[in-house]
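The following block contains the structure, expressed as structure tokens.
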Amino acid sequence: MTDAVATVETEKTRDIRKRWLLSLPALLIILAAASGPLLIVVAYSFLTPGPYGDVVWQPSLDGWINVFLEKDIFDDTLSLASAHISIFVRSVVLSLVTTVLTLAIGFPTAYFIATRRETTRELWLLLITIPFWTNLLIRTFAILEIIRNEGLINGLLLRAGLIAKPLQMLFTDGAILTGMVYVYLPLMVLPLYASMEKLDFRLVEAGYDLYATPFKVLRRIIIPLVKPGIIAGSILVFIPALGAYVTPSILGGGKNLMLGNLIELQFGQGRNWPLGSALSIALMLIVMVALLFYVRNAGSQGSRQHG
Amino acid sequence: MARSFSVRRQRGFTTIAMVCFAALYLPIAVLVFYSFNAGESLASFDGMSLRWFEKAFQNQQVIDASLRSLQIASIAAVIATIAATMAALATTRTEPYRGLTMKYAFINQPLMIPEIVTAVALLIFFARIKIWTGYSGLGYLVAAHTAFCIPFAYLPIRARLENMDLTLEKAAADLYATPWNAFRYVTLPLLWPGILAGFMLAFVISLDDVVITEFVKSAGQDTLPTYMLGQIRRSITPEMNAISTLFLGLSICVVIVFFVVNRNRA
Amino acid sequence: MAELDAIEIRSVSKVFGFGEFAFSAVDNASVSIRQNEFFTLLGPSGCGKTTLLRLIAGFEYPTSGEIMLNGSDIAAMPPFKRPINTVFQSYALFPHMTVADNIGFGLTMLGRPKSEIKARVAAMLKLVRMEALAGRRTSQISGGQQQRVALARALAPQPKVLLLDEPLSALDYKLRKDMQIELKRLQSETGITFIFVTHDQEEALTMSDRIAVMSSGKILQVGKPREIYDAPTDRFVADFIGETNFLKGRIRSMTGGIAEVETRSAGRISATMPKDFATDGDVTLVLRPEHAALCPPVDHPACQMTGTLETVVYFGTDTHYHVRLADEETIFTLREQNKPLQAARFSEGDRVGIAIEPNAARVLRG
């Protein structure tokens, strides 16, 4: 081995060692205060609830059984926990509808921004970025102010004499949906814009040149080209919507629970930490499936562009 | 005259976009507007007044929660930015090496897991540690905030590094700069806008957090968002509007600074 | 004692990748570069010339072989310890520093006193005629000016050797011509050895003291520009530098450095042989287009070939003729200088003869 080859080898190993040392703080912090504790949640889901919260160290499958089944108090028979199932279904359906609605509004908006002149584009983008970084709680509160019984809409309608008593808009699935669409809209627009910004409009011109109508250009050229953005935006909306806690707890009230609230309940009044843990893991599994779908689609999209 | 054809135009898109912008800002505008309402009701505007702002400033709980929020956000953002800068240096501009993908996944992991799950996990984990150590200070909140701020701080720093011309460091080495000097005089000054952007993102993210804080906090450790959540659930007065307006103003300032810093990249 | 070579490359190879993906960017290259020489590495993109330059600069380390700088092996030395500076293709000027700070960077890193740095920077600014722009940011100056700053920055620490990696490729034609003259001036004024990398043969021919032609990681021929052009020893070199006609043939007789070659397409042609030429009989004749002329296809003693004129391409300064030779396969290209108000002597489709200037044809192996 020549000196130079030896130098290369030692430099390579030293470089990699340096890179591990550099990334260590970030990895350790995340391990200690984000990833690591997830394993404890898995463990807790297989233990027995303690009388005042927490757990007693006695293995049990009850946490998992209670996710979808419930024990009758009198005769210990198991039946489907319809309350839990309806919460699961509500969470998934509301999240899906939120994703579709944000896409329906966000796509034209992102397209609008991407087709502005470069100087004004930045400004339109800023208008999306501001709500993106604005406190989610405050934005939910803003919706609450408008739709609650003493809120803006009811106030105006009452004063105009159009209604005799306030319309009950708060504490409905519609309220949750409105809030989530409002809150997560910027999460959809930004990735959509990122992929539309790269759109080569000469391809659109080529489409028109080959007799496509505007709608056909949209469907056959623009949408396929920005598909990575559509998928990314949908994932970015769907995942937090599924685990939403603040928005449904403010706008949905105590009856229209979503998964996040159900989980919180187990750690609060419910005092059933194993069930809460099992529900958390179940939520995470749904998210994993969604992410897997994303990775597979994003992956095939990438290879198609290269091939 | 007929409107000339534009390849970029899609029928109705501009209208939807305008509705979208209006819908995004109208509720916020209402919220801000009524924070100046002299009366209590949203149904009527009883004239301009700063009384709700005054009330908020006299509310010791609000002041304590705000200071606590700023304190946690500052510490968490500084630590997260340093850790993220180091991690970004370790994970960019290299041939793939064993463990690199794992590092990416790990650093971005807090973005992938629903907040509520992380919150529950930390609740359980920290509850144990509290029993073992007897410590119940702000450290838990700072640790949790630092962890979920790291991926946000990491994003702009990594982007900046990846866009950086590698030959600049080569040129520095060619001109007798040792690896440390090349970092000190070339890489770091060029990376600085990214670090600043990362810090501001981390700061805002920490300041805004509700869910994880709500689960991790001990008694008497309310941050401004968790205090507000508690108030909103109990009873709503225009004082909440005033606090929201101030909070909004702060966020918007940070976002605009962030935007300007990010725009002026060389 | 003979003067040491500035740089001596001894059987240097650079392999990227492993196993079946291994790729030799530089393949057993050896060459000596003399003191104060303007030396050019010339070749098409991907031939290994830039890798060889990076090996000398220290951005890559050789897989095998030695790189000697004034007699000592520097192959394993990191770039910041080598008294060698580079002008990068993209210039790589530090965008966060002024012109003057860029030029002074090397000296600052060497820890020279402030007064010396100031004086050197001033001298360098003067050398490249950039005094007026010393305080500008590098993003605020033109491409040609950036080029000058890059040169001044690399020259400021007074390196033993200056490496230039296609430094003119980003400039437009006129500016490139000016900079070629400027570079020659700087080289003679500073007396530093320049190693210049380019794929532009014209640039190489006009500027260099000596040229090394590279292909597929190998150095094929090293010589003065005139040697490379007039006496290529390799088919690739002949083809890459200028335009060339190749004619396959067999040697009939050899006398005193002149060979009589029987070609398939054009009959018998006499050609110069390189020194120490050995062959089994099969050879290729090399003929530059400007060393042949069209003539009427009669039994003129100078007319060695005949064919059909296929195309005539007017180039302003000269006219190119493409002639299909008697074998119906080979196309022979000729180039004739245009004279004022001269009518075309031949038109497409004519039967023509081709006269070759004496000593113009050369023999190559294969």
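Labels A, B and C are assigned to the chains in the order they are written; within every chain, residues are numbered from 1.
Heads up, the rule we're going with is that a residue touches a chain if its C-beta (ideal position, glycine included) is under 8 Å from a C-beta of that chain, and two chains touch if they have at least 3 such contacts.
Keep in mind that what you see is a predicted model, and the values were worked out from it rather than measured.
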item	value
Chain at maximum distance from chain A, centres defined as averaged CA atoms	C
Chain ID, smallest distance between chain and overall C-alpha centroids	B
Selected interface, A-B versus A-C, where C-beta contact pairs are more numerous	A-B
Whole-Å separation of chain centres (CA-atom averages), chain B against chain C	56
Length of the line joining the C-alpha centres of chain A and chain C, rounded to whole Å	59
Between chain A and chain B, centroid-to-centroid distance (C-alpha), Å	17
Parts of chain C lying in touch with chain A, wherever the complex brings them together	61-66, 73, 75-76
Residues of chain B that touch chain C when the two form their complex	165, 167-168, 170-179, 181-182, 185-186, 189-190, 266
In the complex with chain B, residue positions of chain C that touch it	57-59, 78-81, 84-86, 88, 90, 92-96, 105-106, 109-110, 139, 153-154, 157
Residue ranges of chain A in contact with chain B within the complex	15-16, 18-23, 25-27, 29-38, 40-41, 44, 54, 105-106, 108-109, 111-113, 115, 122, 124, 126-131, 133-139, 141-146, 148, 150-152, 154-156, 158-159, 182, 185-186, 189, 201, 204-205, 208, 214-215, 218, 239-240, 242-243, 245-246, 249-250, 259-260, 263-264, 267, 273, 276-277, 280-281, 283-284, 287, 291
List of chain A residues in touch with chain C within their complex	2-8
